[in-house]
Amino acid sequence: MRLWLKRLYRLYFQSDPFKAGLCLLAALTGVSILLGLAWLLGKALWDLGISAWGVDFLRLVLGALWVLLVLFGNALLLVWVERKVAGHMQWRIGPKEVGPFGLLQSIADAVKLMGKELVSPRYVDKPLYLLAPFLIFMPCVVVLLVIPFDPHLQIRDINVGIVLILAFSSLTSIAVFMAGWGSVNKYSLLGGMRSISQQIAYEIPMVLSIVPVVMLSGSLSLKGIVEAQKVPYLLLQPVAFFIYLISAVAEVNRTPFDLPEAESELVAGYHIEYSGMRFAMFFLAEYTNLFIVSALLTTFFLAGYKGPWLPGWAWFFIKTYLVVFVIMWFRWTFPRVRFDQLLNFSWKFLIPLAMLNLVVTGGVLKL
Amino acid sequence: MVAEGLLRDLDAIGCVVEEVPYERKGYWFDVKAQKEKLPELAGAFDQHGYFVEEVVCVDWREELELLYHFNHWDDPRRFSVRTRVKATDPEVPSIWNIYPGAGWHEREIHEFFGVKFKGHPNLSYLFLHPDIDFYPLRKDFVPVTEEDKRVLLGRFPEGDEESFWLNMGPQHPSTHGVLRLLLKMKGEFIEDMEPVLGYMHRMQEKMAEERSYSQYYPNTARMDYVAPLAFSLCYVLALERCCGIEVPERAQFIRLIAMELNRIASHLLWLGTYLLDLGAATPYFFAFDDREQILDILEGLTGSRLTYCYYRIGGVYEDLNEGFLEAVDRFIQRMKRRLKDYDELVTGNAIFLGRTKGIGVIPKEVARRYGVTGPNLRASGVAFDIRVCEPYDGYRFLKPKVALREEGDSFARYLVRLDEIRASLSLLEEAISKVPEGPYRVEKLPKRPPVGDVFFATEGARGEVGVYIVSDGSDKPYRLKWRSPSFSNFVSFTEIGKGMLIADAVATLGSLDLVVPEMDR
Amino acid sequence: MLRDFSFVLIFILLSFLLCFLVFVVPWVIAPRSKGVKAQDIYECGVDPFGSAWVRYFAPFYLYALIFVAFDVDVLYLFPVALGYWREGGSDRFLVLLIFLAFLVFPLAYAWRKGVFWWRP
Amino acid sequence: MVEAVGPRVKLGVLEEFLNLARANSLWPMTFGLACCAIEMMATVAARFDLARFGAEVMRPSPRQCDFMIVSGTITKKIAPVVRTLYEQMASPKWVVAYGNCAISGGPFVFEGQYNVIEGVDKVIPVDVYVPGCPPRPEALLEALLKLQEKLTGVRRFPGPERRW
C-alpha cells in the first residue's frame, strides 16, 4: 500500500508531458462518459412518461446523483479554472505541480479541508453558528432541481420554477447573516450586515429584469422559457440582460461587489470564524452559486440548451461556463466598490432603469 | 523672506538666535529658549507658516535637551530650537495644540525619556510594551515610577463596553505590516481612533548608541525596507557633512541612479499593494513584475535584492558593474511602455475613481500642522521636495521635475506617484548619459567624526528622511534620531480619518504609503 | 403539484444529510489544537474590547424598510406579466403602469428623505 | 510544548493520504511583519509564483490557513499576538521562521536590548527555518518544499540525492 501510494505520488509530481496528457485525456473521457450516461438515462426516463411512482423514484435517485456530480464536479473544476484564469491574467501560470496542469489541485484542497480541525469558538451563538453552513448549502442543491441542462435532463420541471429559485436563493442571505451574527465577531458582523443589505438591494433589479422575460415567454417554468425563445432574449432584452448580469455578480458576492468578505476591509468577512469543512461549505456554495446564476442567465437570455449541431447539454455547459468566465474576468480586472456606492448604484440606478425597461417592454408588446 | 520676519518676532520674544554654518550643521539658525517660552515660540513659528520636522531629546546626564526642528515650504532654512530641562524632574509645556504633529513626537519622548509634557491630553504608551519599566533611551537607568506608569497606561478603553470598538490590526491585510488602529465605530463610520504603534519597534536609536558608526550602518536599510537607499544615503551624507568629506562626482551620480531606481521600485510596490487594498489583484502582479526588473539591476550593482548596504562614507562600495547603464536604459524604455498600461488599467477605471476621488483630502493647513511631507504633501499642492529645496549629492547637478497636484485626495496622491515615476525615469535618462569618469570613492577617511551635531535631510520615496546625529568624538554616536516620514504622514490620518467610512479609511491609509517599521524604528 | 414539492422537500433533507456527513468526517479524522486562546474570538490577534452585539446604526434598517415595501409588490408582478402579451387588450398596459407607480412612490419618497445619502 | 492532540481515529494509510493532500494545499496566512514580508509578497508575485504549488491562497483569517510565515522581528509587543494567532489556527498547522530575525533576532540583538525576542521558537514551535536577511524568494519556495517533505517524507523535485 505504501509503495503504491509513493508510486502514485511520483506520478503526480514527476509526470512528464506525455503522462500528463494521458491523465487529462482519461479524466475528460470519464467526465464525458458520465455526462452521456446521465443524458441517456434522462432521455429514457422522459420517454417512459412521468405518471408511474416507480419512475419518479428512479428519477429522484438519479437526480440526486446528478446533482452531487454537478455540485462537486463543478466546484472542483471552477476552483481550478479560477486559479488558472487568475494566473494567466496576472502573467503567471497558476497551479501546475499538483497533478497534470495542476488539475488535482482542487482535489488536494478538498481532502485537506476534510482533514482540518473544526474550531468552534467559545463565545459563539451555537445554534446560529452551526446551522449557517447547512443553510448556505441547501439552496444550492434545491435550485439545481429545476435547471434544464438539456431537453431531457431536468430533474423536475416545476411550473413555478422561477419563483422557487428566487425564494431559495434569498435563503443564502439569511444563512450569511446567521454566520455573521452567530460568530459574535465584529468583522463578521459587519460582513453579515453588508451581505444582507447587498442581497436585498440586488434582488429587486434581478427580479425586475426577469419580469420582461416572463412577459415575452408567458411561462414561469424554466423549460417553458427556453422553449419559447425563438431567438435568444439577449437580442430582445439587452438592458434586462445587463441588469441581470450585474445583479448576479452582486448576488454571488464577487468582485467588484465582494463587500461582505472584503479582504482588505473585513479580513475575511462573515466566514471569519469558520474553519475546515465549515469554511469549505461557504466556498462550495460560492462556486455553486456562481454556476447557478450563470446557468440562469443562460436559460433566461441565451436560449439555454438550444443550439445547432451539438447536443443540448453541451450547448448549455458551453454557454454557462462562458458566462462564468466573464464573471471571473470581472473579478480579476476591477477594484472593489465602496459599500454605499454599491447600495446606491442599485437603488438609484439599476432599479429605476429596470422599471423603465419594464414599461418600455410592456408598451412595445401592446402596440 | 519668511525667515527674516520670524527672526524679528523671535527677538521680540527674547530668544538668543545664532546663525550657524549650514554646510557643517544642516540647519541655519540655532535658537536657544527658556522652556516657559516654548508655546509662545511655537506660536510665532506657526504664524509664519512653519512646520515641525521633528522633536529630538538628547540626554546630557544632568540635563535633557529638547530640540525642535522647524522648516518652511517656501523658505527652506531650518530652525533648530533647543531648550534644556533638569534630568531629575523634566517638565516642559506641550505645544500639541499649536502643532498636533509635534504632540505625537512628544508622546514618543515621554515614554523613551520620561519628559513630562504639561497640558498634553494623552501621554499613554505609543511604542513600548508595558512590561518595560525603565526609560530606554536615557543614558542612566531610570525606572518608571508608579505615577508615571498610570499616565502611560492611561487611555485604553477598558471600561467603555457600550461602544463598538474594533481592532484593525496588527494582523490585518490592509495595514501592511503590524500597524494597529483601535477604531471606535458607529456602524460603518469611524468615530474616533487610537493608533497603537511599536509592534515593530526594533530599537534603532538605542542600537546606534551601542554600535560604532560603520557597524550601525547596515541597519539603516532595515528601517524603510521598501526604499532603503534613502535612509542609507541620509546616514552616509550626514556623516560626510559632519566630517567635511567631498565625494567624487562619479560616486554622486551612481548614488543618484541607484536612489532613483529604488524610488521607482518603491512607488511600484505601493501601486500594487494599494490596488490590492482596493480589491483589484491584477495590478499587484504587474507592478511586482516591473519591480523585479529594477531589483535585477540593483542586485547586479549592490549584491542584494532588498536591504542594500551599498553606499559608503565617501563614495560607494563598488564601481558600476558591466552592462549596468545599458540595463537601466532598457528598463527605462520598458517602463515607459508599461506606464501606459497602468493608465489604461487603473487610472480611467470608474470604480477606482469612485473609490479615490475626493476621499481622504489632506488640506494644506493640516499637512503643515502635522508635518506631512513627500508625495502626500505634493498631492496637496505644495511644491516641497528636498531634492530641489536643499539639493544634495547628485541632485546639485540634475534637477528632478516636481510632480504637483492641487486636490489633496487619494487620487491626487496616486497621480503624483505615477508622475514621480515619470520624472524619475527622465532624470535617470539624463543621469546615465552624464555619468562622469573618475574615482568612485575617496581613499582617506577620518577615523571618527568631530564633536558636534549634524542634521541631514534627503527625499525618500515617502517624504523627508532626516537624521540628527550628536557626536561626542568617540567612534559611536552619542545620540542618533531619525525623522521618519511615515510617522508624520500617518499621524495626520488620526485627524482626517475621523468620520470616515471604514472602506474610505482603508483607501486613505493605503494612499499614504506607510511602512510600519519605519514609523516604529 | 404536491409531487413537485415532495421533490423539493426530499432535496432539502438530502442536502442536510450530506452536510452532516461532511461535518462528521473531520470530527473523526482531524487533530485538535490546544491552547489558551484557541477558542477565543479572533480580532486581528489581540483581545477584543466589548461584545460584537451592540446597537447598530440606522442606514441598514432603512434599506431593509424600503426593501419590505418593494419586494412583495415585485413578486406580484409575475402574475401580471404571465399572461401579459397573449391575453387582454391595451388596458393591461395601464394596469402595469399603475402597478409600477406604486413601486416608484416608496423609492421616490426614500430618495427624497435622504436614505441613500450616507453620513456619520 | 504540546500544541495539539491527535485525531479520534488514526489510520496509517488514511493519514498518509491526508498528508499528501495537506502537502499539496498549504495555505499561508496573510501576516507580514517586517522586511521579509516584502520578499514574501515577491514570492507570491509573478516571477516566483507560489501558486505553482497550490500555496497562493493567502487566507487572512487564521482559522482557514495551514501555515504561518513569521516574516520579521518578534518584539515583545508582537509576541503575544503571534502566539494568539498561532493558537487560533485550525490544526494541523505549521510555522516557517522566515529570516534571521525570526530565527534569532537577527541584526537587532545587541547588549542592552530591551524589546526583541531572540527567535520566534521561544514563542511558538517552528517547523522550518529559513536563514537570510532577508532570504530570497527562492528560499521561501525551498521552505515550502521542505515542509512538503516533512509531511510526505518525499521530496517533490529530485534534490541532491534521490531517496527512492
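Note that the chains are named A, B, C and D in the order they appear, and that numbering of residues resets to 1 at the start of each chain.
Assume contacts are C-beta pairs under 8 Å (C-beta built on N, C-alpha and C of every residue); 3 or more make two chains touch, one makes a residue touch a chain.
Nothing here was measured: the structure is a model prediction, and the numbers come from that model.
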item	value
Partner chains shared by subunit C and subunit D (touch criterion as defined above)	A, B
Centre-most chain [mean C-alpha coordinates]	D
Contact pairs, highest-scoring chain pair	A-C
Gap in Å, rounded to a whole number, between the CA centres of subunit C and subunit A	17
Chain centre separation (subunit B, subunit D; CA means) in Å	32
Interchain centroid distance [CA atoms averaged], subunit A/subunit B, Å	48
Residue numbers of subunit A (touch at least two other chains)	90-92, 114-119, 186-187, 263, 267, 272-273, 276, 340
Sequence positions of subunit C contacting 2 or more other chains	27, 29-33, 38, 40, 42-46, 48, 51-52, 56, 59-60, 118
Residue numbers of subunit B (touch at least two other chains)	164, 166, 170-173, 188, 284-286, 289, 501
Residue ranges of subunit C in contact with subunit B within the complex	43-46, 48-52, 54, 56-60, 118, 120
Complex interface listing, subunit C residues touching subunit A	3-5, 7-8, 10-12, 14-16, 18-20, 22-23, 25-27, 29-33, 38-44, 48, 51-53, 56, 59-60, 63-64, 66-67, 70-71, 74-75, 77-78, 81-86, 89-90, 92-93, 96-97, 100, 103-104, 107, 110-111, 116, 118
Of subunit D, residues touching subunit A in the complex	13, 16-18, 20-22, 24-25, 30, 45-46, 49, 51-54, 56-57, 59-61, 63-64, 66, 88, 90-92, 152, 154, 156-158, 164
Touching residues on subunit B, where the partner in the complex is subunit D	128-129, 131-132, 134, 136, 170-173, 176-178, 198-203, 206-207, 210-211, 218-219, 222, 225-226, 269, 272-273, 284-286, 288-289, 291-292, 295, 305-307, 516-517
Interfacial residue positions of subunit A with respect to subunit C in the complex	56, 60, 63-64, 67-68, 113-123, 133-134, 137-138, 140-142, 145, 155-156, 158-159, 162-164, 166, 183-189, 193, 196-197, 200-201, 203-204, 207-208, 211-212, 214-216, 218-220, 267, 272-273, 276-278, 280-281, 340, 343-344, 347-348, 351-352, 355, 358-359, 362-363, 365-366
